[in-house]
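Each structure below appears as structure tokens.
Same chain, two partners: chain A is paired with chain B first, then with chain C.
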Partner chain A sequence: MDISEKLPTPMKKRKNSLLAPQRRFAYLVLIIPMAVLFTFVILPTILAGVYSFTDYNMITAPVFIGLKNFTEMFADPIFIHALRNTSIYMVVCVILQVGVGLGLAMVVTREWLKGKTFFRTTYFLPVVLSMVAVSIVLEWVFDSRVGLINLILNYVGIPAQPWLTSEKTALFTIILISVWKYSGYNVIIFTAAIQNLPKEYYEAAAVDGSNGFTEFWYITLPLIQPAILFTSITSAIGSFQAFDAVYVITNAVGGPNFSTMTLLLYLYKHAFDGMRFGYGSAVSIVMFVILMVLTMVQLRIGRANETMNA
Partner chain B sequence: MKRIQILLVVALIVVLLVPACGTTKAPVVQLRVGIDSSMSPPMIDVLTKAVATWNAANPSIQVTMEVTPDYWDKIPSAFAAGTAPDIIYDTVTETTSTFAQLGMYLPLDTYIKNSNVIKPSDFFQPVWSTASWNGHTWVIPYNWSDLGVVYNTDMFDKASLSYPKDPFTWDEFLADAKALTNGTTQFGFYDDSWPETGIFPFIRSNGGAIFSANKATVIAGMDAAGQEAINFYVGLVRTDKVAPTATQLGQNTNPFVTGLVAMQVVRSWAPSTYAQTAPNLKYGVVGIPEKTTQTNYFEGAGFGINSKSKNPDAAWKFIEFLGSEPQQKAMGDQQVYYPARQATINEIQWSAPMKAFLNEAQYGSDLQLVSQFETLTSNWMYWMGNAVGGVNPINIQTDIATVDDKCNQALAKYPVH
Partner chain C sequence: MTSISGEKKRGIDRADKQRLLKRSLGRGIVYAIAILTAIIVLFPMVWIVFTAFKSLPETYVWPPTWLPAHWRFDNFVKLFTVVPFMRYFLNSVLVSVPYCIFNLLFCSMAGYVFAKFQFPGKNILFIVVLATIMIPFQVTMIPAFRILVYLGWNNTFAGLIVPGMVGAFGIFLMRQFMMSIPTELIEAARVDGASELRIYAQIIVPSSKSAFAALAIFTFLDSWNSFLWPLIVVDSTELRTLPLGLAVLNTQYVSQWPLIMAATILTSIPVIIVYIIFQRQFIRGILLTGIKG
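After this line comes the complex of A and B, so read on.
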């Protein structure tokens, strides 16, 4: 018999009436962020899906054209450039941002390191800087004639490199800028994860004669899998939407020779410069699908790893 | 108590009646005029003063000027949102036909017909013609500029070269460029990736065409003369090495001002920036190097009326004011752009460089670009940036066909005639 049935009726009513105003308040508080989410995320996503099948310049009414935007997109060599560049950018950024973040976090969490707070602050500082300001400054740092990097290379006898002017090096240079800027965020995530690991595992491992590498490989790495999964997903999503650095550094051209053209820059050029919002919407839908698939794959891998470790 | 109540009622009546007895003020029309923040500071000053003069003389029509960054991206979006200004600044060689086709402008024919101030024959015709599309006039031109080659006289003196004179042939130009190049700290010429100040003048100076005769298709570089011009121009970087590559240039966006190059094709407003940024720079002006034809072409700007404006008649009055002789003279006196009014050009005491550029205008005709959307400019600029960058491989023949094809796709959507 359900206990609530044994309670006297006034008690039941009192229990429900106690919760009702709280419940109403909870729903009320949720309505506002839900309204914002609907207005700025869900509705635009739905509209982008609808407009992706139209020819729409935002001034005259949209005209339904079926799959024409998608067929044009996949037949455009510049789109293929952009897709390839963005994929390379994302993969390299994820590997480097997660790797650098984890490496620095391992150093920052050493017992013997003095000034941990200073180091954590220094590594996080680039994250809070404006990417536009960073891009303008680092554009000059990587300048092929008078840039600081080439001056240092010349000083040590290495020839100056055409960092941002060669199609072979331009994308990699922008990746470096992105890794420098965003790795600090991962340092903080990994630092928190490592600091929360139980010390008993390390003590037990020390008794068994483990060294730093074996501790890292067999203890630290498996236990911070959730943090690795989180940073991989956020790094992937962030780098897939690379735009501001490329826009500023290449003057929105995505050059040289489209070697730094990213999907978002491609979308921007067509949607805003070209007034082709239907086409831009189609590009955004393709990006959305790719990111969804990537995220699901990453989550699957993460869950599989968790199951194995358990 | 009763006395107080009576007093209150009387006071209320007085308060309500007194304003009604006063003179009724005429409603004030508020107009907004939008301009691009990348416009040169002297031009922004001229327009600011024009607005102040207008507002002082016309209390019933008050104008506010909005200087907008990323203007060309924002204006169409603002129009779609219903927030575009009443008067839209327009580069008549680039955006008039497209904005008109999108329905952003009111046709001005009736206003012009009834105007005592704006007469089409009073205006510089190549620029007036680009303010028209499909048989209507959409924009009243405000100013224009043309092209020329600036050359560093100090560098020429050091190299014991005589200053170039019109007609400045390709061979003379190349010989001078070679003599002025040391390959590291000084180059003879700057190959611009912007087609209007780069490859297009060279195509036309070799007798090549940018558009087909009926302006329906882009054929830049598709004829023999155009191909020869492209090979010559790109060869300045890749073969003759008299122009710096992208690596040698770095982030230097003013190679002529910084003394990296001895010659550069520029627009006639360049001297006004040199006066500000490099007052000690000594330079001369000569025409575009020619192979078979002396050539030039123009860029212009003007103002149109937003088709959704609630006050189009008031907006027209302000545009008439900007096109009037006194305002055109005030604008020309800044020595940045030439006034759109033909007679006013002759009334201004031009500086030596402006006079030299003006002299080159006789060889010009208009160049109507496709539109700012998927433009002739940006499609060619993508390719030119790589071609004159001199670092990455190119295939001129196949590349040009692809570039023109893209331009023609945009032209089919937004025809210029």
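After this line comes the complex of A and C, so read on.
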């Protein structure tokens, strides 16, 4: 014991004794954060995988049932409906949120525009509000009898639309609500991206007789592709997990006739209303896999575009 | 000579005028888009303010009136007397404030340690932290609820605060930011005999103000607006946070728009104030982190 302690060179020993309090500090500091992450993220992730192969109601012990949850899920027409709705919702949301975000960013980055700060502040405002509050307000705005939208349509001479009460338009109306709420976030990202572009490119293009459209198409658009990739990934992830709006607006039903049933609402209903936590976990695993594949595909496309432009 | 130059000049004038016309048309369209979008964003907000001061029958008038006939406060009064709205509000504060403070404390300390300390196991721990960023909430929510029940924390404030009081993203953000603090500064303080905790409090925290501001805003909003987790954890009226209370109100008082809109206003005012005051930090924070607010 004594010999082994004497063995290290004096240098090393001194360094070690100097580092000891630092190490102690580091480990002490990390205890709580790592414990929380382990208890509420890492362990649950493992458990979700385990639960997904079981029948589990949280009262009696989970019973292993193999792949039955997954086969049942893909045989359930409502799940397929939810999968379809969520996919449509996500694709349209990504296109509209990124499109509106980019369009408005192009507007607020015009140098001659007066009141830039006001417009930017206004566009971002809905992002900070609670989705529950936004859903309630816009549910009322889209109300088919007393809603603001139908009132305006009435003034213009267009007949009142059913919006949230019709199977055909309900999902699209909820998409519009999410576009209203989240596009402002993309405005901020695109505004920063556009402002960081080198001015010389535009000056050179102006010498060559460019116009607003050609500048946008040949200079701005290719150069802000990283921002487009980023906003489409975040919009896709966010809209894939849509829950608050459909829960509040449809009273947790996903109606009319399941036309607004999303995957997360489906999961919630089976797990927490139906006490089928094994089945719910299986749905969550399927969602996880879809999200991972989706993000990887988007990153792959992003990288392919980058090399194409290089 | 004069006639030629005059002709030329007139030609230029015409081209100039055309360009000018085209430009002002373009600018007009841009202004129209900017203003129309601002109206689309602000109009519902203005309308709910008017509605919150109306009587119930007034909201069923067709076509609707813009301003209330009498500005009445009964909807707000009713919120605090009939509905336990004060309780919801207080609960939201009691959850969001500790949630935000714990996140700042734990994420900044862990981020500091990952940025500036050398210790065995550091890389593995950091990779574990990063891996948790990729796990979506819906995967963890069922087992996390099970663990909460096991701990006896369902339907408690602890159940609302503790699971989210450390975020992998917050740790990552803090670490990235603190990497840029010069190590010599820390070493000099050590040579002067400062304790590790003092170095953290007096050097690290003041140098990372913008990271703290960003994380504070995001975690506060995150908690204030959170809906799904409280929906799972809370099952008594006394513990409802504002979004839960608002959702319940919406089903209890169906179509009582003035009351519901008054509640919506009170729910939104704190975040609007936070946003307007900290706007600059907000936008910097988004760009620093690139996360959804």
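Operating definition for what follows: the second predicted complex is superposed on the first by the 271 of 310 C-alpha atoms of A that agree within 3 Å, B and C clash if a C-alpha of one lies under 4 Å from a C-alpha of the other, contacts with A are read in each partner's own complex, and residues count from 1 in each chain.
Going forward, contacts are C-beta pairs under 8 Å (C-beta built on N, C-alpha and C of every residue); 3 or more make two chains touch, one makes a residue touch a chain.
Note that the coordinates shown come from a computational prediction; the quantities given were computed from them, not determined experimentally.
When both complexes are overlaid on chain A, the residue A:Ile32 reaches chain C alone and has no touch with chain B. Of the two partners chain B and chain C, it is C that touches the larger number of chain A residues. Of the two partner chains placed around the shared chain by superposition, chain B and chain C are both touched by A:Val146.
In the superposition on chain A, A:Val156 makes contact with neither chain B nor chain C. Using the contact criterion defined above for the overlaid structures, shared-chain residue A:Leu43 touches chain C, although it does not reach chain B. In the superposed model, A:Glu167 makes contact with chain B only, not with chain C. Of the two partner chains, both chain B and chain C are touched by A:Phe272. Contacts of A:Met58 after superposition on the shared chain: both chain B and chain C are touched. By the touch criterion defined above, A:Ala75 reaches neither chain B nor chain C. Taken together, the two structures place residues 58, 140, 146, 272 of chain A in contact with chain B in one case and with chain C in the other.
Here chain B touches chain A in the complex through residues 73, 76-77, 79-80, 102-104, 245-252, 372-374, 378, 381-382, 385-386, 389, 391-392, 410, going by the rule given at the top. Taken together, the chain A residues at the contact with chain C in this complex read 19, 21-23, 25-27, 29-30, 32-34, 36-37, 39-45, 47-48, 51, 58, 103-104, 107-108, 110, 112-113, 115, 118-119, 121-133, 136-138, 140-141, 146, 148, 151, 154, 180, 182, 184-185, 188-189, 192, 212, 230, 234, 237-238, 241, 243-244, 247-248, 251, 264, 267-268, 271-272, 277, 280-281, 284-285, 287-288, 291-292.
Considering their complex, residues 57-60, 139-140, 143-147, 162, 165-167, 253, 255-259, 269-270, 272-276 of chain A touch chain B.
Those residues of chain C lying in contact with chain A across their complex are 26-27, 30-31, 33-34, 37-38, 40-45, 47-48, 59-60, 62-64, 106-107, 109-110, 112-113, 117-120, 122, 125, 128-129, 132, 134-144, 146-147, 149, 162-166, 168, 171, 196-197, 221, 224-225, 227-228, 231-232, 242-243, 246-247, 250-251, 257, 260-261, 264, 267-268, 271-272, 274-276, 279, 282-283, 286-287, 290-293.
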